[in-house]
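Listed below are the structures to be examined.
Okay, so subunit A shows up in both of these, paired with subunit B first and subunit C after.
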Partner chain A sequence: MLAFVLRRVSSAVLVMFSISVLVFLIFFATPGVDPAARIAGRSATPQIIAQVRHAFGLDRALPIRYGIMMDHLFFKQDLSSYVNIGAKVVPQILQAAPITISLVLGASVLWLLVGIAGGIVAAANRGKFIDPLIMFLGIAAISVPAYWLGEVVNLITQGGLHHSIFSWVPSSGYVSIFQNPFEWGLHLLFPWLTLASLYAGIYARVLRAELVNALNEDYVRTARAKGLSERRILIRHAFRCSLISIVSLFGLDFGALIGGAALLTEVVFGLPGVGLLTYSSLQNLDLPVIMGCVMYGAFFVVLANAVVDIGYAFLDPRVRVA
Partner chain B sequence: MAGLGVLIFIVTICLLAPIYAHNIAHTNPFASNIQGSTFINGKRVMLLQQNTQGLGFGVTPIGPTWNFSHYFLGADDQGRDVFARLLYGGRSSLLIGTASALLCCIVASILGLIAGYFGGPIDWLLSRVFDIIWAFPIYLLAISLSVVLLTSGLNIGPLHIGAGSLFLPILIIAAVFIPYVARPLRGLTMSLREREFIQAAIGSGSSDLRILWKEILPNAAPSVIVFFPLMVAFNMLTESALSFLSIGVQPPAASWGTIINDGLGLLYTRPWVALAPGIMIAITAVSLNILGDGARDAFDPKAKLRGSI
Partner chain C sequence: MPEPLLSVENLRVAFETRAGVVRAVDGLTFSVGEKEVVGIVGESGSGKSVSMYSLLGLLREPNVVIEGSVKFQGREILGLGDDQMQSIRGKDIAMIFQDPMTALTPVYSVGWQIEEQIRAHGTESKHQARARAIELLAEVGIPDPARRVEQFPHEFSGGMRQRVVIAMALSCNPKLLIADEPTTALDVTTQAQILELMGKLQETYGSSIVLITHDMGVISEMADRIVVMYAGRPAEIGSRVDVIRTPQHPYTWGLMGAVPRLESKRSRLVTIPGNAVSPLDVPEGCAFAPRCEHRMDICSTRPSLRGSDHQAACWLDSAQKVSFRNRGHSA
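Our next item is the complex of A and B:
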């Protein structure tokens, strides 16, 4: 197990390094316009451009420039915006991170619960009306844009019905869990539901397929021959085996979510997380902030994936060898 | 089949967008029309009306008339016909989704086949590149590429793509999805290469190019074709998300994502501006997914690619 953890962590570090090089090349070495002008923003004076050129060592060789950028981002942490002059990037990201993490963690708990329940119900009722219904909802869930669903939710809870049924829904925004845990949950409730609904359908679909496969296995026949109840076979035997593929899928989706749907959900619900920070810096093309968000976001995803993989190896010893 | 029918209907009405705009609605959906007016029940109505409620600041565009001859879904905050823009937006969204899926599948097939067939250092290099792009969250990579290319356009030697061109989102979306197609294809090619008929072709002295084209491609193609509708749906959703973040399709051009973004500020007063394009995206993506599932069951029951995405 220890050897596996070490191998997985070292490969994560290697991937992080490659991603940082890729981001660096995208922002500093794309053919076209002068990177200094790009970083300084749309309305930059020649002085600011000269300042940028000096701060990022743009007259030096590429590997040195890479080192300078990494230094600004991770060691000195003094990368600052040229649009909102003086605003430091890294503290902004660190301040926004807990909000994004609250959003994603809460949503992932919800979607695992709902998805697993849906998959088991569909597999237990295969061939009946409820099974194709759950399967169709799964397709519908991936087909709806996350941010649009959020807007519809806003329209329902904050629009005309806000004065009657949904008067308990707070206006969009965020309250820290340390300040008031109840308000924290209340403000995040609909963002969680929106995000979770996107993935719950997929998990139900995948789990149903796995369960139906598992129910054709020999060990299930043995269990039936022993006289176990159908429910016990489904939960204690088939489900436990199917859980492995759900965990590995979860690793991939967790990452995709942080870098994707969560970003858009934050924008729609006005949650000041990393996603909203990215969105507002995209609106005024504030490149240092975008670069910081992308880099920290990607690193977090790589780390999260490594953690999930280690959890996977913990569940399934066969993975440790491969 | 229902999926295919709905899809053909949506593509057709989007292709007819210019005819609708010029001959039925008599409007230019790309020019702002702040001072414009239209007739409802014989009365002349300004497209943008001064707010009378609340503090009375700003303007509210007219809502849906539910009449196809003018402003079926109302106007947006620049007085443009939302329904006409919806049809034009569909053209961009469908074009970007399809073109980027096509480009992605072609490039990924070439790279995947080469990596799987030749092996060795070429395979090592390509596989490492796929690994990095794979590990990079899709949206973050697309955001980085878009924001850099949007400020300057793409200039490589004689090739010049302007910053507002639809080719940029097509290229970016195709690029970020390449490993998702190329990696499984590489594995497929590697296993095909060990089969007797390929060994026989190598033994009979066929050239590598001939073997790839005549023997491996026909065996790998069904997996790609089956995957294609799902790819189009995925790419369309990615495009709409990028456009919503204002780094996809650039104004004055429209796509379903940009119209949702336009509607964000009008959500509580004129919800149809944002609702309609979202419904269109959802219907199109559902029919593509159903089509993809049907195609998979028909051609490729073992589904080599579906499990990867």
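Our next item is the complex of A and C:
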């Protein structure tokens, strides 16, 4: 088991390194992208651009430039933005990360609870009225885009009704959990619900399909022949085996969202998270910030996948030997 | 005559499908006495497995219609609710399935799965159940059971898994064991070992067994009585000696002819002409008539089982049967 974990972690490190090289090449070695010109500004003379190029080390060989970049990003942590001169990349990300993590953590708890409950209830009541009802609600939640749902929620809670029944809803923004845990939850309540609704719908539908498949397996027939109750068969046998696909799905979604994929929800609710930071840096082609954000996002995707793989080994004994 | 352990009367199982009503089992009647081994033999699709699933309530399809009567120890069990069936399944009647590779839940150790059944029907503590599980594994011939009990199904070979399934089935000392083609998915040497094991355990545990198979060789080794099924109907029922030595039904003659014999000089095995009938389209009369070389006009009327101890659903009279059978055997 320990060997498995070590192997998985070292491969995660390797993947991180490859991603950093790839991203570096895409943004700094693609023909037509000249970082020096961007740093020097719009009306810079060729001499100034050449000066800048030399001052930032942009005239040196690519591997050296990669090393300098990584040194500034990870070790000195003083990589600065090319656009907002003076703004450091790492503190910016460190400031945005807790907001995104708060948003995604809360939402993921909600969608796991609702999605798993929905999937199990639907699978247990196949062919009855409640099954298609849950599946319809699921597809409806999946179909509604987050920015639309978020805007509607804002319209209701911040609009005309804000003075009556929704007067307890704070205006949009973020309050740190260390500052005031209650306000933190209150500010994030509707963002959580909005972000979770899509994923709850997906998870309920995926889990139902997995459970229906599992319930047709031979081992479920064996479990019935053993004289186990339907509830025990559903939870301890069918659900336990379906959990493996739910966990892998969750790892991918969670990693991607922490890495910035919750952008739309962040924009709608005015949460200055990593998604928003990535988005604005892309608009300005602010290369160091893009680099930082992508590395941050990749880190969480890789981390989530490593955790999922290790979780797999706990859930599925067949993986442990592999 | 003492009351049989299990008595199945006129069991009918039908599936309502879009293509029409599929009569998978149509009028199956047989009984199983204490400590008796009854073999049910027939081709694929003859309704052997479906009849067993239906009497245990394991058919979950919403479009299934089950009729008839199944009495276990004199008590009608057909149509019992899930709650009542749960206390019978696994405790009084246990079942072994065809494919041991998929019959166990992959994510739990074999010990866990045996203990689960023991604890579902008894008051044993975890510790007692574990001890019993190890004992059972030893009994079904799994070496080093104290270590193997912790292992997962994927760490066992097919034959070993089937032994685990048998251990699980025996864990609550069932009065009746239904074995649904327990050796079909195994290779030939393993088949023999499993059959030998089942015979041995039947003696020690004293369970009755219903053995489902399409292999006449298996059935002639183990069964006390034989039920031959064709197209969901019983074709012939009788003691092993009677059915093997003096089969009464042309279909049984075909099955017997299809068994390879060492002493025979014949190089080709006898085949039954044609294919098994589609369960969607069973003929009005005798289901076997279209493939039968002795068919007569009367065969368009459905024959019922005739005879007392040795019954067959065939219109041929006994003199005809004797002469046709002898001709078939010497040919």
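The working rule: the second predicted complex is superposed on the first by the 279 of 322 C-alpha atoms of A that agree within 3 Å, B and C clash if a C-alpha of one lies under 4 Å from a C-alpha of the other, contacts with A are read in each partner's own complex, and residues count from 1 in each chain.
Convention: contacts are C-beta pairs under 8 Å (C-beta built on N, C-alpha and C of every residue); 3 or more make two chains touch, one makes a residue touch a chain.
In this text the structure is predicted, and so the values were computed from the model without any measurement.
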Subunit A: partner with more touched residues, subunit B or subunit C: B
Touching partner for A:L155 - first (subunit B), second (subunit C), both, neither: first
Contacts of A:Y219 with subunit B and subunit C, given as first, second, both or neither: second
Touching partner for A:H163 - first (subunit B), second (subunit C), both, neither: neither
Sites on subunit A touched by subunit B in the complex: 15, 18-19, 22-23, 26-27, 30-33, 38, 139-140, 142-149, 151-152, 154-155, 158-159, 255-256, 258-260, 263-264, 267, 278-279, 282-283, 285, 287, 290-291, 293-294, 297-298, 301-302, 305
For the subunit C and subunit A complex, residues of the former touching the latter: 56, 58, 62, 82, 85-91, 94-95, 97, 99, 102-109, 116-117, 120-121, 152, 154, 165, 168
Partner subunit C, residues of subunit A touching it in the complex: 127, 217-219, 221-230, 232, 236-237, 240-241, 244, 315-318
Residues of subunit B that touch subunit A when the two form their complex: 128, 131-132, 135-140, 143-145, 147-156, 233, 237, 240-241, 244-247, 257, 260, 263-264, 267-268, 271, 274-275, 277-278, 281-282, 284-286, 288-290, 293
